[in-house]
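Look for subunit A in each of the two complexes below; its partner is subunit B in the first and subunit C in the second.
== the complex of A and B ==
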């Protein structure tokens, strides 16, 4: 075990309110190498979907991962359930006692007394952890099996994880889950198929399925973006109520900063596989510091009709590069207007060296050379003292 | 100002096995020159069907049942299929489709596909047509060299610009943009919206802009039509619709938009779901979700009433067919 991980574990043992701590997570997908690449000795190339990110999630907190498509936010969410191969990283997760016991029974080396490194477990032995970390997908039309009745859809997790329950107990649990997501009376819904439900009702089923195992963390991947505006707010309110009642934490993945402002406690803005700014949601959205966050916030349309009379000024250049071909140095510098303005001062930094994280006045982290005067974060330890 | 597009009492239905779906019913509006009309509504409210009806492209089993569509004074619905193709499509009215990103044929170059309307409609030679294509690409802020590329070689934002260029090719009087930015990221969305605003000013274009996103509507539209269950429930100048809407549906919709600035108030939502159009509720289609619904709303459908100049509402609160409710008229 390397020193960093030991240090991290020590820190995690003392921070009882943190349920998940991820450090240096990398998800790299190898690109195919042709025969000529091998013969010419070209190095293996990777799509660096998630490229060394660190964050933590507190208990009963909504933590938001936000950014444009292709920034790695969904991959990060999936990697927590080990649905994508994790290249590198430490993910300490405070699991339930039963989960840890089941893991030990399966021969997994559990290193902490009440937590486990989820990235060190073999994917085939992840089953017990998947009770504690659940996921809600974006598309309620694609995520429910059309051949199953609602009862079967909701009973499936119980059949897999809680097979010791009797049939009545399972039914009871399903009914309670349906009532939690306000599909009342549950008897009306259990015998239906997904196609007999509307989009909003389907998403409620997806939520019920995620919470039926009583998880500690729910990864909600764009749970409202497929829904109509008029029912979106209702769904967000439902998610909030469930969070309060069950005391769980959300990792809320979204591209919509306006939505995140209403329900998220802390936010991490991602760009090309890297977190560029992280901290209190409202502060970041109302006063962004990183040049990318500034552009992102400036680009969002607002329901104010006088906007039509002016052009929207979005301080960003060019288009997002491919994650297979990440620019050297700061990955944002080719699009950064601040860099262009101060090219003389910054040309020895931005195009050459990856910026470290700096702590801004209000305690948020910014991954940008412009903040060089501020306190720098050294290695994992500093990251989690926020 | 002159109206380039006049739609009156337009109704379109789909004749499905399970019954008739009145997707668009009794829709009337006018589009003036150099104006953007935003059409907003939830999914299934009939906004795309309305666009297809204007183009004469309603997919079977749907068809236009009644009404009139006049573009530059020409009645479109009475024209034959071939006449419409020759004289109206592309030249008078064109469309930027939803999911335009997939609107290109993957086996032809972008340039060839943009040149087609010039070759078939204007009888240009290939060389002349490709000259025009270069101009078009420049106009939408693309490098003219792109004409030689295939669609898969372009990014989403570039393809969207190319699709806009295609819609503008023959300088039509009306351009319908159906969710033109829905599949794009916000940064690219803002660039595309800026481009459309600029083109509107420079080329004096008239747009119909269809989207479910009220913020995008606010960004673009001079006039807004709110659709619900196949009907326009409110139509008026942008400022009125956003700042003092009359129809209960419009005001609930506007209060449900999460905002980026200002105090965080509890988001409002509209209880229930949009009706099934095979068996819509009797009376006002919004009555099951409306907090002001009365007996009359459940029995009879209100008319489309002009409450002030250029502002129309379909609600019994403002329809004087009922005993007057003067206070609400303010």
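== the complex of A and C ==
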């Protein structure tokens, strides 16, 4: 155990309101090497989907990951459930007592008295943790087994985790979960197959499936982006209600800043596998600091009908580069408008050095050389001062 | 719960199958064949099958006879020892000149064509020299003695005809009259003199030709040109063949066991050159065809299906090794290997079936592997991992059910291949010699030169049966294809 992790654990032990603390998470997918690559001694290349990110989630909080597609926000969410191979990182998670006991029974080394490093557990031994961290997928049409009835879909988690429930109790739990997601009366739904339900109803089933084991964290991977605009607000309201009632935390993944303003307590804007700006949602959206955030905010559709035909200038250029080929220095600089404007001042910085995180006036973190004058954060724990 | 789902799936599957025309045809043919296979003991005679290799059993049947419906004017076999023709048998016995005699007369009617043989089997017992006298009475009133005539003191001993001890014997004796008559000795001693007495004189070279036609000449109108006539006219009317046994032995006993006047046709699809009833072989062949087809296709499709799904799901090195192994098996040509193995090992049908399974599974495995590769990327499979499902749960609850419809179709479609391969092996003489299959019947036809001799009833029906059974499964497979690939629906 390195010094950083020890320090982190100390910090985590003291911050009782924080349920999950991730530091230096890297998810690198190795690219396949051809025979000629090996012969010529070319180094192994990686798709750096998530490239050293750190964040934390408080209890009963909605933490958002936002960014354009391909920025690694979904990969981050999935890595918390170990559905993708994690290259590096520490993920301290305050789990339930039973979960920790089951982990210990499976021979997992649990470091803290009430928490565990989820990235240090072998993926095959993750099963107990899956009760505590659940996921809602974006696509309600693809995320439910088409061959199962709703009852079987919802009962499956209970059967897998052997909660020692009788058949009647299981049924009762399923009915309660269906009522929670406002599918009433539940008897009308349990015998149906997913294809007999509408998209919104299916997403409700997916939510019910995620919360049926009473998790502490639910990763919601763009849960409303595939839904009809007419039911999005309703679905977000439902998520909020469930959060309040069950006291869980969301890691809410979205590319839609309008949605995030509505639901998120804190937000992290991601670009090419890196968090570029993180802090209070309302402040970030109303006053973005990072050039990329500015571009994202500028791209939010105009609600005012009289302005809808006006051409708007989105302060960004070019296309997102491949995660296999991340630009040197600041990964955003080839697309950065600010860099172009101040090229004389910044050409010794942006293309050469990865920027550190700076603390802006209102306490948010910005990953940009423009804020060089502000307080710099060197170590991971600096993330958690807010 | 899962059981109920399965059964409703089955019901839906069959109701879908019934909705297409090819499905109806295929399904009804399949039900017909299944019925024939299961109820063979009711339709056919199991003894025929048990004695298929016992040539003694079949000796009373005409050899290589075409089916009766195919040849219009031919003599229809009659058995005088049983059935509707018992009145055609006349039994006499008595004493004459110190001899005890027992005689049996067989009556038969010739309309246009004569019989090809008269076969009789007796149980005889005596302890003093015993003689036999055979005569034939024709519709034109002419008599012919086919043995020495006791009235002129020529006695023919039973030894001369049956080769049994003339002084004391107890047991079965059997005679095929046509081959006895067509024998050169009989011709010289009895036929030629008889023909001469009826003013038919044959040239010496024609006498030799009698060995083929003597028995049928007995049924012809007597003309001087009898042997070279272009249009043979048979004498129609009642014929009477009489066998007389006589002996000094007062205890002589002769019991008729079987007597058949053989026609030139037999049954529904005729006989082979051993006299075996091909109809029985054909009907019984359905059983083996279905056993071979189903066992090979179900086993190889299930093994291949699970193998492919496991490889595709686990991926990585496991998949690589499994895929390469399957490809090795896939690339081995089956028939040469099977021929080789059949030569080395005793060609039992179970060996053939297991070999067909061993070389049959990879094609399914390759397809299901790619299906598994696709399905495992579905979100709901990842969602299953997210709730903590084990690999086996995902394999058997999530992936295999998706692959099952394909497996059903490929079971149906791979049945004909298995049947054909077994038939090819048997045709090459490498099949199991102890069972009756269509391939084996074809092999025996080939060996006997059936195609050259024009024994079409021996060659065509087994070939047709293979084709129809194959077609049945192709039709079902096509119907399944229509159901499972809605894009093909018109």
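Quick note on the criterion: the second predicted complex is superposed on the first by the 383 of 386 C-alpha atoms of A that agree within 3 Å, B and C clash if a C-alpha of one lies under 4 Å from a C-alpha of the other, contacts with A are read in each partner's own complex, and residues count from 1 in each chain.
FYI, contacts are C-beta pairs under 8 Å (C-beta built on N, C-alpha and C of every residue); 3 or more make two chains touch, one makes a residue touch a chain.
Here the structure is a predicted model, which is why all the values come from computation and not from measurement.
On the superposed subunit A, the two partners subunit B and subunit C both fit, without a clash. In the superposition on chain A, contact is made by A:137 with subunit C only, not with subunit B. By the touch criterion defined above, A:145 reaches subunit C but does not reach subunit B.
Once the two complexes are overlaid on the shared chain, A:262 sits against subunit B while remaining clear of subunit C. Of the two partner chains placed by the overlay, neither subunit B nor subunit C lies in contact with A:32. In the superposition on chain A, the chain among subunit B and subunit C reaching more residues of subunit A is B. In the superposed pair of complexes, A:195 makes contact with neither subunit B nor subunit C.
Of the two partner chains placed by the overlay, neither subunit B nor subunit C lies in contact with A:40. Looking at the shared chain after the overlay, A:97 reaches neither subunit B nor subunit C.
With both structures placed on the common chain, the touch criterion links A:105 to neither subunit B nor subunit C.
Minimum Cα separation between subunit B and subunit C in the superposed model: 11 Å. Against subunit C, the residues of subunit A that register as touching in their complex are 78, 81, 83, 126-127, 130-131, 134-135, 137, 139, 142-147, 149, 152, 156-157, 160-161, 206, 209, 213. Residues of subunit A that touch subunit B in their complex: 68-69, 198-201, 228-234, 236-237, 255-259, 261-262, 282, 285-286, 295-308, 311-312, 314, 316, 319-320. Listing the residues of subunit B that touch subunit A in their complex gives 36, 42-43, 155, 157-158, 185-191, 193-194, 197-198, 212-222, 238-239, 241-243, 252-254, 256-261, 264, 267-271, 273-274. Contact residues on subunit C toward subunit A in their complex (touch as defined above): 1, 5, 378-380, 382-390, 393, 397-398, 401-402.
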